[in-house]
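As written, the chain order gives the labels A, B, C, D and E, with residue 1 at the start of each chain.
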Amino acid sequence: MTSRQFLIRDLLVLFGLTGWAVALPGFASEFVVSMALTCLMYVALSSSWALFCGTTRYLSLATSAFFGIGAYTSAIGLESLSWPVAIALGATIAAGIAVLMGAAVLHLRGTYFAVLTFGMTELIRHAISYFEKSVTGTVGRVLMVVPERDTVYFTVLLLAVLAVALSIGIRRTRFGLAMQGIGADEQRAQTLGVNTRLVKTAGFALTAAIAGAVGAAMSVRWTYIDPHTVFNPFIGFQTVLIALIGGAMTLWGPLIAAIVFSVLAETLRLQVPQVYMMSLGLLLILSVLYLPGGLASVRAETFKGWWRDSKAWWRETRDDLSGETERRKQREKQQREARHVY
Amino acid sequence: MSFSAWIELIASGLITGGIYALVALGLNLQYGLMRILNIAHGEFLMVGAFVTWMVAATFGLSPLWMIPVSFALLFGIGVAVHWLCFRRLTATSPNLDVFEARGLMVAFGLMFLVQNAISWIWGGDLRGYDFLTQPFAIPLPGGQAQFAVNKLLVFGLALLFAGALIVLLRTTLLGKGVRALMQSPTGAQLVGIDTKRLHPLMFGIGLGLSGVAGCLLSMAYTISPSMGEPYTVTALIVITLGGFGSMGGALAGGLLLGVIEAIGMHFTNPSLKALLSYIVFIGVLLLRPEGLFARKTRKA
Amino acid sequence: QNAPVRIGYSMSRTGPWTGGAQTSQEPNFLLWAEQQNATGGLDVKGVRRKIELISSDDRSDVETVVRTYEKLMGSDKVDLVLPPWGSNANFAVAPLANRFQYPFLAPTALSRRLVELKLPYFFLLLQQPKPMCDALVDMFKANGVKSVAVIYVDDLFGLENYAALKVALQGSGINMVEDKSYPGGVKDLSPVLRSMKDKNPDAFVGFTYPPDTILASRQAKEIGFNPKFFYASVGTAFPLYKNVITAAGAEGVLGMGSWNSKTSPGAKAYFDAHVASQKKEPDRWASGACWAGLEILTNAVKAHGLDRKAIRDYVANTTHKTILGDIKFQGSENVGTPGTVGQWQNGEFEVVWPQKLATAKLNPNKPTWK
Amino acid sequence: MMWHRPEPFRLGGAPRAHLKIDGLSAGYGAFLVLRNLTLEARPGLTVVLGPNGAGKTTLLKALNGLIPRQGAVLLNGEELPEKTHETVQSGVALVAEGRQLFPQMTVTENLELGGWLVPKAERARRIEQAFNDFPKLRERASQLAGTMSGGEQQMVAVARAMMSAPRLLMLDEPSLGLAPKMVDELLGIARRIADAGTTVLMVEQNVKKALAVADRGYVLERGAIVASGPAALLARSTVIREAYLGADKDPASGTTNAADAVNRRKATATPA
Amino acid sequence: MSTETRQPLLEARDITVRFGGLTAVDRVSAVFMPGELVGIIGPNGAGKTTFFNAISGVTKPTSGRLELRGRGLAGQAPHRFAAQGLARTFQTPRTFGDMAVRDNIAFGLKFAGKRRREYLFWGDEVGVPWVLRTPESILGLIGLSAQAELPAAAITPSQQRLLEIGMALATRPRLLLLDEVAAGLTENEVEEMARLIRRLRDELDLTVVWIEHAVSTLLRHVERVIVLHQGRKIADDVPRAVIRNPEVIEAYLGDEMSETDTEATA
């Protein structure tokens, strides 16, 4: 397929999925819709995360910071602002913080970047706690004015679609290519003419904006937010995990993983309450070990490969146990001796 | 503030810092040297703590006996985990970055697995027991300060273990060998390192140390299956301050953090303390990413 | 018919909330269902119907709590629901309770703000900060306390209690010599305790969570900080406290608590049943409220069946007789149970204030830490 | 001026190593690069020549156990182990393609690790020797290997391999990236190491100079030996002159580009 | 070529690079005129690569001035150099290993420097030779067409060096810096590499600066040689003069050029 055909295919898939998601509240139960909502939240978060962090390999753990900032914005703003404005404001502030944060940390790579973004998230959380406690005299906020559930659902849906659409679109542009180059070898990309600083800051801000918007939209479901819940680092961890499980470098990986993960986690939670978190952990490990390319890389070939590998493994173990390996080595040695190597 | 009060404050900071350092040692081996960001570090520590608690609570055995036992137990688990997971990861990852990312994911999986296994076996309740909590007065210049005996014990053993590790890594090539392994697996084989043994060994020691830390912590603090995460974070902060892979750095970093926190807590309040430690952490990372105590060339 | 009554809830079985949830809440739900089923089932307007509990783990995660209750009330349409653990989760489900019109009798939610939401289907059983702090200050005044030092965890629980305490102290003649907040999960409070020790207050008050309660106690012992009144909150009334600090060590420690098995015959029966069935003691604070809530619910169903509107009205407008005494709601708040103070004495957590509810006499001079 | 040390680089008591390869096959997965190869390295300096992609590197990797192999590889009549670290233990060292240094470690640390299997005191002594042989490295003892210049890294790689005091030293294009003077010196060292009793097996691209110092040579093409013999003879053979030395006397081919040459060789080297 | 009449393309004045106590490049000045083919030689560790790094923005020089087409660029990020038409290769190939060979080239084309903008402005590819228009034509030029679809990590090191050249060309440079692109090649192959480089220079109107240790071939093809030794420039002259310079012979050549062809450099 040519790149154009790919584009059309991707857009069609996205369109189909969107249509389906739009129709969902019409026929599905409360529970299914609220599950779909969680799912969409992670689609938006991990797709937008992969958009920047996946391609450039800047592993950011700051998603929860942006999420929390968005949440706080809407918690504070909703009383005076309309819903779309509050969401947009959440996105803008998150992006603004990302630009500042980026200016400080985007020159560090790898783990340093990951650890720093994590540290900054914690810093923001504690700073907000402290500020609230000493200035407003209370920690956390109660959201009195909240929109309808469907409003929240469609907003998050819109954000998820936006995130995926951006991923589809951006990978074809100079911007997307530049991010890919940064991921492969940043300095090399620079010598080929990429203004890496600009690209990184923009990409980081974009991710942050979407996370912020999602945070702004989701927080209303919780009535009461405090720094501990909305800056919960696990939101960031989960986002990263989902993106990586799906395949951070791929377009559809994060989406597939978000769906699989949410459905699986929920099913296991309800079906095997005792051990579901353990099963989840186990599945995670297995998927990393045996699906290193992510869920998006699963092909019929993958299964055949597993089958082959396990057969080979079985044969080897059997030979080892029955002493066949020893005998074969012995035979080979004898053959060589027979040929009078010496 | 009087001189003796200062000394007392700093001593209490040092003791907390020693505990931080102890918590960081295992992770420092795994992450600093082996590039396995074992986010389940705190969970394994928790296993050590729970095993100790269980033995202390059911058999009334002194928790001190559990120090070698939890080391051995966790060492065994570590070797097994390495054999089951990281062996394959090392073999299949094209480069260090990828290995690190995948290792992180595996560690997440382990975290879920271990934490919930423990809470499945023992329930999610908070636990604790009373051991050596009586105060002990240590004479200090200009007065004296009281500390619980178990804290002093933890502190002493933290110094001991850190010291032992420093000596081990300075006098043998083990630490360098592991770092070499991560930087160039082929190179490591070429100089004759048995990569299939060294790696599990070091990983096992790392986990064993978390076990020891858990065992000791259970004497001083309450424990629960979800206690792990904060310890992982503390450990990460400490090893970043001290420089990845440097045991001396981890010790110094832990002590420094403890003192900073104690002083910060005294002069402001404990809430600001958290803010303070993160500011120090971020400041260090930004200004001296190689760690506060790293010289140009890294030593064990 | 004899179809079982389906009652749903979500509970923290993993994650940081587990300790509290598994001490003060879920064991009571299980015990209740067991007891009712043993008698043939829940009395629904005269018909005995078995109770079927539909529960799941919420991972100590608010979003999961919300999703679970949406499922229970929206999709599964269970007959009744029981509340989740903790203020945060209750905040999140309170508006849902209203939307789906399910009465909630929450034993572990503690915040003025929840009361201020004025949600008709939502009831809080626990005494709120004001009565608790009033009782405490009252007790201090009666025993000649002149100065207190306070620490409080910097979340809603700590802040509201701290604020209530400050209000209560106003005009009481008691001087607050030190007040410090700390973040949850703190590992060292000794610098704070040392500076408090230097100020030598008559009373120490901590609005703390279980691990911090134990930490503060241990470290107070460590540095020899032994004020006449040592008061801590969540966790003091837990059996855990005695286990960890030992009965001798806990002697004289004050805490948030509101009942024990001597409070009423009902309480004794409940306590014994709990130990027999759940193999552990209930805590002397929220467990009582939780059980009282279940008693109210049992009576409501007996009177009105499963008509949830009728149950709500019944709960809102009746004075309930429970193991804690009379419970009466004003809006969402339980105004029937007065604020109380408890104290460890000889291995039992006694209610010592106000005197009319006391199960033992206050020891106004805490012995030194053991 | 760097090599005025009269005594040999290393003098071990080990017997003179004699490497015999018989029917060696090796490759990557299903793709066999070497088929049924027979080759012998006697004490002294043996050089393996061949175009890009002929399988020279593959040969050395297979001998060292970096890739699986089939067939007999005998060192002094004993089967060479198949695991890399064991081959090192039995006295085989390889300076690999791409150098395989530890870039984030200092020069000293790289050398120390080279002596992984060596007792501590002996290790210090050998590092001292290496520094004497490569004075440049002493100057840079605490520089990170990854920041060294290309040529300097090559020196570290050779010095590191010598740390294990091997019986059989294998060098993969040791002169890559070295200045002409350094090339001469390095080949000089290789010669001296060989004279001192270590068997040296060297892959070189610098045909003229390599043959000048070597005792024997093999020419490898498409995974098979196409010519072999004493180095002096080989240097005069037509095979070598045409394939490796002749072109600069041929002004007619001005339009072909370098890449064509690379590819042509590559194409011929890949089994169809 | 009458270089005197034209403005220098790159002018480096007193470039110094220090790493801690080590001075890797010590007050080196050099001028590169449009259309020149200049060689740089020097012993290992002389500072050649570091000098390249400094004049391409990869390393910030400790001191010194840099003017690329009249613009002071010292201390700027590498992409600014690229935008001014400077392209380089790396001594250890740094291709984008996961991307296909073709995409490696396409990457450079996307971010092509100054000439690209002229092309946009005039609506026609003014000044862009046809060979630099598509990835395919560039691949043809360097002879990697057959490997176009392979991931860059899968081709041999020598091919990767060619690809490095291709990537550099894709940015449509005016000045091309080559760092040991012929390492690991046999003499024949080095010779052909040299012809390719000359051809690039001639046909694409480039200035080329070439570091290589294959001196005999290098000296036969370049017009001028700069010799670095211990960070300092010890010679800057036509090859004929340089090989007779005793200092150069002492520091670098040894007896390399003694028997080899005076005829080639004549």
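One rule holds in what follows: a residue touches a chain if its C-beta (ideal position, glycine included) is under 8 Å from a C-beta of that chain, and two chains touch if they have at least 3 such contacts.
These numbers were taken from a predicted model, which means no experiment stands behind them.
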Selected interface, D-E versus A-C, where C-beta contact pairs are more numerous: D-E
Identity of the chain that, by mean CA position, is farthest from subunit E: C
Between subunit E and subunit C, distance of the C-alpha-averaged centres to the nearest whole Å: 76
Whole-Å separation of chain centres (CA-atom averages), subunit A against subunit B: 29
Distance from subunit E to subunit A - Cα centre to Cα centre, in angstrom: 42
Distance between the centres, which are taken as Cα means, of subunit D and subunit A, whole angstrom: 47
Subunit B, residues touching no fewer than two other chains: 115-116, 271, 274, 296
For subunit A, residues that touch 2 or more chains besides their own: 126, 129-130, 133, 277
Multi-chain contact sites of subunit D, meaning residues that touch two or more partners: none
Subunit C partner contacts - residues on subunit B that touch it in the complex: 5, 8-9, 12-13, 16, 19, 115-116, 119, 123-130, 133-135, 145-148, 151, 220-222, 224-226, 230, 234, 258, 261-263, 265-266, 269-271, 273-274
Contacting residues of subunit C [partner subunit A, same complex]: 13-14, 55-57, 59, 61-64, 66-67, 70-71, 73-76, 87-88, 91-92, 94-95, 113, 117, 154-156, 159-160, 163, 181, 183-184
Residues of subunit A defined as touching subunit E within the complex: 174, 177-178, 180-181, 184-185, 187-197
Subunit C-facing residues of subunit A, complex: 29-32, 34-35, 38, 126, 129-130, 133, 137-140, 142, 144, 146, 218, 221-224, 226, 228-229, 234, 266, 269-270, 273, 276-277
Partner subunit B, residues of subunit D touching it in the complex: 64-66, 83-85, 88-89, 93-94, 96, 100-106, 109, 112-117, 142, 160-161, 163-164
